[in-house]
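Given below, in the form of structure tokens, are the structures.
Next, two complexes with chain A in common: one pairs it with chain B, the other with chain C.
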Partner chain A sequence: MWLFALPALLINICIILVPAVLTFTAAFFIWDGVGMPVWAGLANFQNMAADPVFWSALTNNFIWTAIFLTVPVCLALVMAAALLMAPKARIVVQSIIFLPRIIAVAVTGRIFQGMIFSPATGVVAWLNEHGFSISDPLADPDRSLYAVAAVDIWHWWGFLAVVFLAAMRQISVDQIEAARLDGAGFFALFRYVLLPGIRPTLTLMLILTVIWSFQVFEFIFIVTRGGPAYGSEVLATFAYRHAFFEGDVGQAAAAACVMSLFGLCATAVYLWLQITDDAQST
Partner chain B sequence: MTMTRRQLVASIPAAALAAGLPRGAYAQDGRKVVTFWFGQANSDGQAALRSDLVEAFNASQDKYLLQLEVKGAAVNNLLKVALVAGNGPDIVQTAGPAYLTAIANAGQVLPLDDFAEKYKWKERFLAPLLNTSVYGGKLYALPRDYESMHLFYNKELFKQNGWKLPTNRKEMEEVADAALAKGIIPFGAGNADWKGVNEWLMTVFFNNVAGPDNVRKALAGELPWTAPPFVEAVELSKAWYNKGYFGKNYFSLTIEQSFLQVVNAKAAMAFSGTWSFGTKSYGMSKPDTVMDVAPTPTLGSAFSGSLVHLACGATLSIAKTSQNAEGAAAVFEFMLTRKFYEAMNRDWPGKWALPVKDLPPEMLSGIGYPLFEKTIANLHEAFSKGQYGFTTWTFWPGATNSYLIEGIEQVWLNKITPDAYLTRMQTLFSQEAKEGKVPPLPPRTA
Partner chain C sequence: MIGDRWSRTFALGLIGVASFSSLLPIVLAVMNALKTTVEIGSNPLALPIQLHWENFSSAWRNAQLGPSLLHSAEVAILTIVMVCVTATPCAYVLARQKGKLWRFITFYFMATITVPVQLYLYPLYFIFAKLGLVNSIPAVALIYTAMFSPFAIFLLRTYALAIPVALEEAAQVDGAKPWQTFFYVILPMMRPGLLTVAIIVGLNAWNEFVIAVTFLQNDSNVTAIVRFYNLTGQYSTDWGEMLAAAVTIVLPIVAIFVLLQRQFIDGMTSGAVKS
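Now for the complex of A and B:
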């Protein structure tokens, strides 16, 4: 069995475990990325705790998580249920809503930045020319995080809908028909048949959403770089800035440890739910 | 000879290993290879690099073969990792002395003193720029160029409105207010694609309000950043931002879009650097009938007249692990030829304005870009005399500079006060000064 697992195990050790251990170790050193690391104890964590930007970045990660646990999930669940009921439209609609997922993140980010939100070249500019007074949300520190989240939701929710639809299609048709014969409408069917039927998939996607929300980087970095005025800063952009602009790899590693901590918590919850499910089924 | 399946399978790891080995230091024609990574370059720039540097150097001699790779915006990060791993290029180009400090302090690049002696580089480069790469008495890099912030303005627009080129804060604000009253943006500016635009502006505010002597004192640790001259500088930047001097869309426009506003008479002026000459998409032309450029005027009471700001946009070193240091030095020596200077500055103005001491007028006039030639001639004279301010990207240490860029947005958007901004800057600067991360400071004459 071990021999069978060896290739995957080796890859995991080399490209996941070793960098993870090195990153964790780096969090306890002052290191500029090129010179000799100097032992710093908990100084990086203390400095981070004293930095208000860290706390606003962490708060933004929580806001991001809350947004992604609700908005795209609700949109995707409703769309998946609707597509389950309308098999004829399924292929066309799935193709359309899945399309944003296959467009490169950098392209999506630039499209929204230049063609939607830009007050010079985007839809916002057009609306302003036609009498609507709308400002670029990416330029407002109080709205920039939500604007980037909107871009990511556009990119993400279709994928989620396809996953949920695939899970719903595993539910017994008899069960759905029986509910309908009993007079269940769309919402009753959704609440009492479809949602319980896809609970394992839904739980997995919610847990993954929490993990990914604490790792979010690319959309924010491409569209706002965490600004303006740190308005859309999250832990990943905070870590990147420290590592590559400020030459403070130790501080960046400490931020990465905090990101991982939330990922670990989410993973632990998922494992606990699995164990509980196993115990109940046996 | 045929291979058995077993032999073929056994050869795969060996082939993979061979493919991963570093390339040999010799080219097929027996010349020693010199590798050079370059960061961002537009299409004109890449063409100039290939023809004026690579092909011209390789044709000029038969001992070395220069191989150039354009790595893109992430080159600084790639370079650091590669140097630590011992796999960097022979020629190490950094984005200026502030980036070089960590690499030189870590001993990842060779001291160039022997080559400097051999090729008389110390006698041929302007001392203020060459000395920004001296650490512990040793020279670790050559400056690739000099740059400065300037006031670019639409001379046609000024003429139409009867505006005169401002020479102090009062006149500048009069022109800006007059422009605003006509619906013209006073200063075209935008940082949507490059947050570094914040530091271009803050270089002007710190130097031209607080004065270059105070800036030098602060960089030398003799005056805190919280001192009144710097508070005045930050407060003025905030006041101008809030008055709309930089337009309503500073955070939404790209550099190119904002500069084009000036060229297209939607904005009157722009604080930008000498690199603007080398970007065709900015809309300037040679000869230019619309745009003109001048050193930035005083914006406070610390000095009168105008000021240029000493900057080195890139440094050139030789990697510690280079197997061909002689070849890399030969490339540097080639860059010092008059033919290269003229060709490179003609094809990519401003990017490779080598800070050589000897810059006769006929050498500049060969470039064929009058506005650029005038600017470089003025810059050369000011730098030679020691009359300059200090740019943030050359003289501020990394973390302090990063905060200067990010934190000023908080000030402009009323998230923190100028005092809080400068206090945080002082804290970071003190720490970095203690760690020896402040780049060397050249002397200044009034």
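Now for the complex of A and C:
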């Protein structure tokens, strides 16, 4: 029976576990990726603590987490409740709002750059011609992070709504019907029946949001590369830049460790939930 | 019917706005893919006056989309095959075996689902560079296999858990060896799960960015996504051609999505919905 699990386990250990352990080790070395690593003690962490870009990147990760714990979650919850009330529209609309999730991030990023944010060819350009005065948010260090977050929200919230809708449909119809007969309006139904009914799903998605928010990389790297002036830099782009553009793998590894540390607390909660859930189902 | 008239009107209004905003960037991309750059510049929201299909042919030619799409397909198919071959038997034993060690392995696979790429990317890259595996499509597929197989294992495991143990016992009584039981009893019953796994893994491999852009650096072997990324930038000028390339890369995915929506949505939301 051992042999059945061996190939998957072996590939996973070689590609993920061993390099992950090496990353942890590399954080204590000065290493350019090619030559011999030199022991550095805590120097990488000290350099990082002295680098203002690291702190603004970390702050941006916290801002990102706050945005994604609220905006897409609220949108998705209200949308799921609305779809629950409109069974005829459900199947088509569900597919429409899910669609952004299956489009490659690289493509989505470019479409938003060109068709939405661009002051020459985008919706922003059109608005400027029609009486508004909006500059390119991607060129503004104070707004670029929020502009990229908007792209990620577009890509993410519909998927979340579909997940919440699936969870809401598991709530018994009798319970909803009883609340309605008691005179519950939309808000009361939402607050006292639907929300408690999907609590386990909601909790899981919030924990995953925290984990993913500290890993966020693709959208930021593709749309702004962390710029302008490090305005949208997060830990992942900080690490990638150090490893591949500045040849400082030790520094990158240290940043990756800090990143993982923040995700780790959320991961512990996630694993605990999964394990208790798993014990019930088997 | 749930809700009073007012809340139903509110719901329908919300659904309208939501569908519109989900579709707007996609519609703009398709529309402008058929316009000249001058037309896009003068009004990006206008419908094309003439359909400039030549954007597609010039994108195909200039961006060398043909070979890169082929590489994407190659990576996706290799990954699908490797994930299915390794994850299916693994999912089966994890569903059947009890005990501390097996619980620990299950736990380990769960943990790797949430591990950031960044935690293993850097050493992996320099190890692969040393082994001469950078710019190799099978090597990228191998990394994808490690990344996507935990998801596949947990999805297939729920299928395996649903198969009655009595079936295997009957096969054992008839003298079947474990591998025979697996091939002739278990595998056929996991087929619907394998279809879902193949779709989701294929989608992820086709769309993946970080690993592809890091490990594939020669124009002669990049995937379509990397090719597209390298050719375009924030300050691109020929948006018509660029959007035509974007539409070409996304079209196969959308076509499969339209045909197999159930598998897409069930597969991607699996594990997220708790009861």
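Throughout what follows, the second predicted complex is superposed on the first by the 257 of 282 C-alpha atoms of A that agree within 3 Å, B and C clash if a C-alpha of one lies under 4 Å from a C-alpha of the other, contacts with A are read in each partner's own complex, and residues count from 1 in each chain.
The rule is short, and it goes like this: a contact is a pair of C-beta atoms (placed from the backbone, for glycine too) under 8 Å apart; a residue touches a chain by one contact, two chains touch by 3 or more.
Treat the numbers as computed from the prediction; the structure is a model and nothing was measured.
Give one word, clash or fit, describing how chain B and chain C relate on chain A after superposing.
clash
Between chain B (first) and chain C (second), which, if any, makes contact with A:Gln170: first, second, both or neither?
So A:Gln170 only meets chain C here.
Looking at the overlay, what does A:Ala120 touch: chain B (first), chain C (second), both, or neither?
Both partners.
Could you say whether A:Trp39 touches chain B, chain C, both of them, or neither, answering first, second, both or neither?
neither
Applying the document's definition of touch, where does A:Leu138 land relative to chain B and chain C: first, second, both, or neither?
both
May I ask you to decide whether A:Leu189 touches chain B, chain C, both, or neither, giving the answer as first, second, both or neither?
Second partner only.
Which touches a greater number of chain A residues, chain B or chain C?
C
Going by the contact rule set out at the top, does A:Arg241 touch chain B (first), chain C (second), both, or neither?
first
If both complexes are laid over each other on chain A, which piece of chain C (21-29, 129-137 or 183-191) hits chain B?
After superposing on chain A, the clashing stretch of chain C is 129-137.
So chain A touches chain B in one structure and chain C in the other; where do those two contact lists coincide?
Chain A residues touching both partners: 33-34, 113, 120-121, 138, 244.
Sort out for me which residues of chain B touch chain A in the complex.
76-77, 80-81, 83-84, 102-103, 105-106, 108, 192, 195, 248-253, 257, 398-399, 402, 406, 409-410, 412-413, 415, 437
Under the definition above, what is the set of chain A residues touching chain C in their complex?
Residue list for chain A touching chain C: 1, 3-5, 7-9, 11-12, 14-20, 22-23, 26, 33-34, 75, 78-79, 81-86, 89, 93-108, 110-116, 120-123, 125-126, 138, 154, 158-159, 161-163, 166-167, 170, 176, 180, 185-186, 189, 200-201, 203-205, 208, 211, 214-215, 217-218, 221-224, 235-236, 239-240, 243-244, 249, 252-253, 255-257, 259-260, 263, 266-267, 270-271, 274-275, 277-278, 281-282.
Give the list of chain A residues in touch with chain B in this complex.
Result: residues 32-36, 113, 117-121, 135-136, 138-139, 141, 225-230, 241, 244-248 of chain A touch chain B.
Using the touch definition from the top, list the residues of chain C that touch chain A in their complex.
Per the stated touch rule, the residues are 1-4, 6-8, 10-12, 14-15, 18-19, 21-23, 25-26, 28-29, 32, 40-41, 43-45, 82, 85-87, 89-90, 92-97, 105-112, 114-127, 129, 142-143, 145-147, 149-150, 153, 161, 178, 182, 203, 206-207, 209-210, 214, 225-226, 228-229, 232, 234, 236, 239, 242-243, 246, 249-250, 253-254, 257-258, 261, 264-265, 268-269, 272-275.
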